[in-house]
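Input: one structure, supplied below.
The chains carry the letters A, B, C and D, assigned in the order they are written, with residues numbered from 1 in each.
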């Protein structure tokens, strides 16, 4: 079971749509997956589930367990202020260290309205996951001008879908 | 008025102690400062004060205004999972863009229990602030093994204090 | 006298053309500058002018002195293999440490044939120059698809020229 | 056959000693390896073997072929000016793109006289190799204060040797 993390808590995010696209691709390749939407986390988890409160928030613990038990992850990462959303790092900060990520594998996808395609965000995340002992697939699509590459704001366009398809096949073999 | 941001919401953090140390140094150099402790933010601000809710949380707006009106910042940055705390980036994500940081100046201080001294954290933050248009002082002390360099867990040791003193003098001239 | 470093040793490089464009902009703003073309360095300088041979190559020493005596630098940085050219770092490795860069100031310009605009290259260089004690202007134009934005392969197009003009004005005030 | 790259052209480098240590570890684990010392490259290769001259320098082509035909690499990376030596990137710039590294695997080892252990250098290199399509082992030992951890300046101490042993075992399974 591959965990797909939709990397923002924004309501009705493009990241959520891409997570569903990715799930469809994995399904077509014969792999089950589950989407974790950061918008479903307890709203005060940064204060109620970290540091001295680690493990004490039962609603957050469900996510904590799901992440701990997975072996492979796909992170859909929108660009905010030149990097990834703070809430994504806070989510990581709330997980069990080091067992959640150590010797596991992840694929990263970046997206942005502007021209960077979250390139620096993916570099920063690679540093963090490598620190946690998780191997990162080298191929990290950077989907710039994402809105211009959506159909009716609801569906990812063909070219970007083909990039995700290509990455997904590599990730399954990784 | 220099704003000093204590970069974690951990209760009784070492970052808070270092913020007070830095405030004392700035005061001795004739400069007023104010400490912003991320532990004082509304606990659900990641959900109630960002994106579509930007500007709608009155308790958060006080911090938003304070940051918007400042010209110089000192960030005290503890290392978590190989970078800085997610809550610090979420705080940045909640501020007014681009006026909060554009053409302003900041000094960064890293600290860690381990040996990295938050080196990668400071690199990531520099990327983010440069993206926001803020200039970063080149000198960024990396205070590794921070607990071993505290007196009675309450006071920063002399060597690290001298590094902050040296940085503060440079920052005032920056 | 501002030193403009054309950051590759490729013959007839686009970086060289952009260096000349930048020199013209600085001149129009009333500032003198000098272009250092890495293609003019002694071809074996990586072996004859570094480490135990530091300072021993008279042809390289001319560049070493010029860099040591400057206060402000503009680096024109093409993207190679996802970062900047190795020869640019080798050039830096051959300069006097720490006096060449300490407490000085630089502006960085990135360019690429592809879509990244040398974004990671500029992040890496910022890390390096900050380590050397040099402050970097936050604004770093990333000129992607550079060939498509040249006239007759010989002259930088208007939009990108305006980005350099804007940066140059900020750099003079920095 | 694993290729071990001693990442500097400094004569009698510590990186060379560590490369030999790593070769011994791999041998004890039943794996053959070959050491590439950047000090053995043609001294003018940055000018005679890149860009328009790619493939034209026969002495460099030997290294080019060796790298092209390998599947796994270990890079021993000393810290220079806050990153890795320029000559290492120039070497990479001279290799065949993208076949040399695409879908291959590498392990990185950092070393420094100071306290950083080449942490930023390894982050920069990871960016570069990921761009080239090569997967990087998450575990990257950062050997700070390297001289203090050598016996008679000639042999790596026991603790750091054990870190390399641990990495080598992971790398073989990667």
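Going forward, contacts are C-beta pairs under 8 Å (C-beta built on N, C-alpha and C of every residue); 3 or more make two chains touch, one makes a residue touch a chain.
Note that the coordinates shown come from a computational prediction; the quantities given were computed from them, not determined experimentally.
When the contacting C-beta pairs are counted for B-D and for A-D, which pair yields the higher total?
When A-D is set beside B-D, the one with more contacts is A-D.
Please identify the chain with the largest separation between its CA centroid and the CA centroid of chain B.
With centres defined by C-alpha atoms, farthest from chain B sits D.
Take the average of all CA coordinates in chain A, do the same for chain D, and state the distance between these two points in whole angstrom.
Inter-chain centre distance comes to 31 Å.
Just curious, how far off is chain D from chain B if you go by their C-alpha centres, in Å?
For chain B versus chain D, the centre distance works out to 36 Å.
Going by the contact rule already set, what residues in chain C reach two or more other chains?
120, 123, 127, 130, 132
How about chain C: which of its residues touch chain D in the complex?
Residues 9-11, 43-44, 46-48, 50-52, 80-93, 97, 120, 124, 127-128, 130-132 of chain C touch chain D in their complex.
Report the residues of chain D in contact with chain A in the complex, numbered from low to high.
Residue list for chain D touching chain A: 103, 123, 126-127, 129-130, 132-140, 170, 174.
Contact residues on chain B for chain D in the complex?
Residue positions touching the partner: 115-117, 119-120, 123, 142, 144.
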